[in-house]
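Letters A, B, C, D, E and F name the chains as they come in the text, with residue numbers starting at 1 for each one.
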Amino acid sequence: MNDEMAKLMVVFRTAPYGSIYSFEGLENVLIMGAYDQDVSVLFIDDGVFAIKKGMDNSGTGIKDFSPTFRALEAYDIEKIFIDRTSMESRGLTKDDLVIDAELIESDAVEKMMEEQKNFFMF
Amino acid sequence: MKLGMIVMESPYQHEASDSAIQFAKAALAKGHEILRVFFYQDGVLNSTKLMEPQSDDRHIQKQWTAIGTENNIEFIVCVAAAKRRGINDTVTAEGFTIGGLGMLTELAIEADRLVEFRA
Amino acid sequence: MLHMINKSPFESMSLDDCLKYASKGSAIILYEDGIYAAMAGTALESKMNSIAGDYKVYVLKEDLMQRGIDKLISGVTEVDYAGFVDLVEEHKTCSW
Amino acid sequence: MNDEMAKLMVVFRTAPYGSIYSFEGLENVLIMGAYDQDVSVLFIDDGVFAIKKGMDNSGTGIKDFSPTFRALEAYDIEKIFIDRTSMESRGLTKDDLVIDAELIESDAVEKMMEEQKNFFMF
Amino acid sequence: MLHMINKSPFESMSLDDCLKYASKGSAIILYEDGIYAAMAGTALESKMNSIAGDYKVYVLKEDLMQRGIDKLISGVTEVDYAGFVDLVEEHKTCSW
Amino acid sequence: MKLGMIVMESPYQHEASDSAIQFAKAALAKGHEILRVFFYQDGVLNSTKLMEPQSDDRHIQKQWTAIGTENNIEFIVCVAAAKRRGINDTVTAEGFTIGGLGMLTELAIEADRLVEFRA
């Protein structure tokens, strides 16, 4: 990492499938991975549902994009955070998730946003 | 039963269109009659033949057209909603007809059940 | 009446709105992002248990599968799209 | 009114302008008025905001459709109801509204829906 | 941070969500259907009074006018689009 | 300041496009620079020249085109989102250019402030 890199973040806050926001958030992270910047990813609120294990789209035919989250490491995107309270209040534990994410407390979220050059809400 | 269906949101952005398609298939499989599907508000965007989703994704317009032509179902695209959103008969796909809002009232008069797929 | 709820209960008031008007014993189907209301172990579980006692709560199997949700609160009934159609045949529907 | 008429209702439940639902609900009522049916209109939840007096679109240019509600009478649509609790919890009284509507209690709403041949939610 | 809220507080949890993360003293702008949170005399008034004490709450004048809302709770500041732009210049923004 | 703007929802269905237009005008009036407006998700539907709203309503595409051409602002329509929704260069209006999602990352790198207009 060097000073030329911009700190950028994608925040996932909506549930997957009901709307396209979550899918497009992931598309963005993947593109950002190609730009050699200091990229991080944060899951809050219903955004945590995007990385739930065990999705099966055989009944709907809607593209299941959860496996693609596992590709983030290959794109050198390793700063992945999840709001502990959002996860726990939705009945989830880290074992329920397709990727490993670092738990943070809610009062750290705004500060993390402030530290970015820019961030996206999806 | 005689069903009327209304689709109020755009394809891909919301799940409404997907749910409506699965519901229509299940209703037809049970032998129910779908009198008409009325595409309203952003739902009119389901009708465009210019839609080109990624190759690994579903093609929502083609899914509709297949259901409509195989089962001879009337798909009405609300004219005022369509014009506002850049949908006209140069872009509507096979099986979709542009029509007036009165056809939604008529559907409410004739259908045993009306089901709205919305945001 | 069949009340149709398609929004996340963590984000939208649509289920609460519906309950202000629905009489006890009415049917409610949770689908799309609405299915999260039926998930076991969430902060809404005790509230949802009470709702499942007062209303006939159905939850759409295909949307549960899509989202990887398999542990449900007790007292809710899973239905597939065919069952959803049957519910619509039985009831007038109200999409919230 | 005769037995040939279908009972139809439009329910307004979303706030105006943020989304188009409320506007399209009104378009529907006006069309239904031309079909000589037994039409009623019901305002619940944020739908009550659609008939607030004093709208001024000079700052946004978005079409103000509230005056059109006053035309409902001319279309012989006189069964206009408003959920009292929705109105009061939003700080409104009947004096704040562009049209006269009959107040009903929340426990009458579902029954009113059931009595229709069909109804629309906007 | 400038938190941007555009959904009705009677229908959406977005303002509550934002407050779980926003530190006291942060700025919040209510616009589009979000402006109803600033309306005086609603069932949310006492909750909003408390929020207006803890945060810098702004409300977009053009969207208030559009909706015919003129009585606001105390402690909120009306801004027009020019003022909205100034707030964005001062703060990073977060759209809920 | 150097502003980046993102429009995520369709015109007319949501107020997002209207708010974005008013915000852009106010920012330009104050002398700020808008580096780019990125039309994303259903926001791509702002770009269609086939839009024909009722005569007493605003014309959202023309409002954008006026702002863009008078102020020489780059309007990028996300290519993948556009294809999915039936928007291609046969229907995009003057002032709109179809481009890749990378142009959104570049905007985030270059802009002092990024403002999202969304549902």
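Throughout what follows, a residue touches a chain if its C-beta (ideal position, glycine included) is under 8 Å from a C-beta of that chain, and two chains touch if they have at least 3 such contacts.
These figures come from a predicted structure and were not determined experimentally.
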(request) Compute the shortest path length in steps from chain E to chain F over the network of touching chains. (result) 1
(request) Could you tell me which chains make contact with chain C and chain E both? (result) A, D
(request) Pick out whichever of the two, C-D or B-D, is joined by more C-beta pairs in contact. (result) B-D
(message) Rounded to a whole Å, what is the gap between the Cα centroids of chain A and chain F?
(response) 25
(message) Need the CA-centroid distance for the pair chain D / chain F, whole Å please.
(response) 33
(request) Would you please write down the residue numbers of chain B that are in contact with two or more other chains? (result) 12-13, 15, 22, 41, 57, 80, 113-114, 116, 118-119
(request) Please set out, as single numbers or ranges, the residues of chain E touching at least two other chains. (result) 6, 10-11, 17, 32-33, 62-63, 80-81, 92, 95
(message) Two or more other chains touching the same residue: where does that happen in chain A?
(response) 17-20, 45, 59-60, 62, 118-119, 121
(request) Determine which chains touch and list them pairwise. (result) A-B, A-C, A-E, A-F, B-C, B-D, B-F, C-D, C-E, D-E, D-F, E-F
(request) Enumerate the contact residues on chain D facing chain F in the complex. (result) 17-20, 59-63
(message) Going by the contact rule set out above, which residues of chain F touch chain E in the complex?
(response) 1, 3, 15-16, 19, 22-23, 25-27, 29-30, 32, 113-118
(message) List the residues on chain B that touch chain F in their complex, please.
(response) 9-13, 41-42, 45, 48-54, 57, 61, 80, 83-88, 90-91, 119
(request) Under the touch definition given earlier, write down the residues of chain B that touch chain A in their complex. (result) 12-15, 18, 22, 56-58
(message) Give the list of chain D residues in touch with chain E in this complex.
(response) 14-19, 45-46, 49, 52-60, 62, 64, 66, 89-91
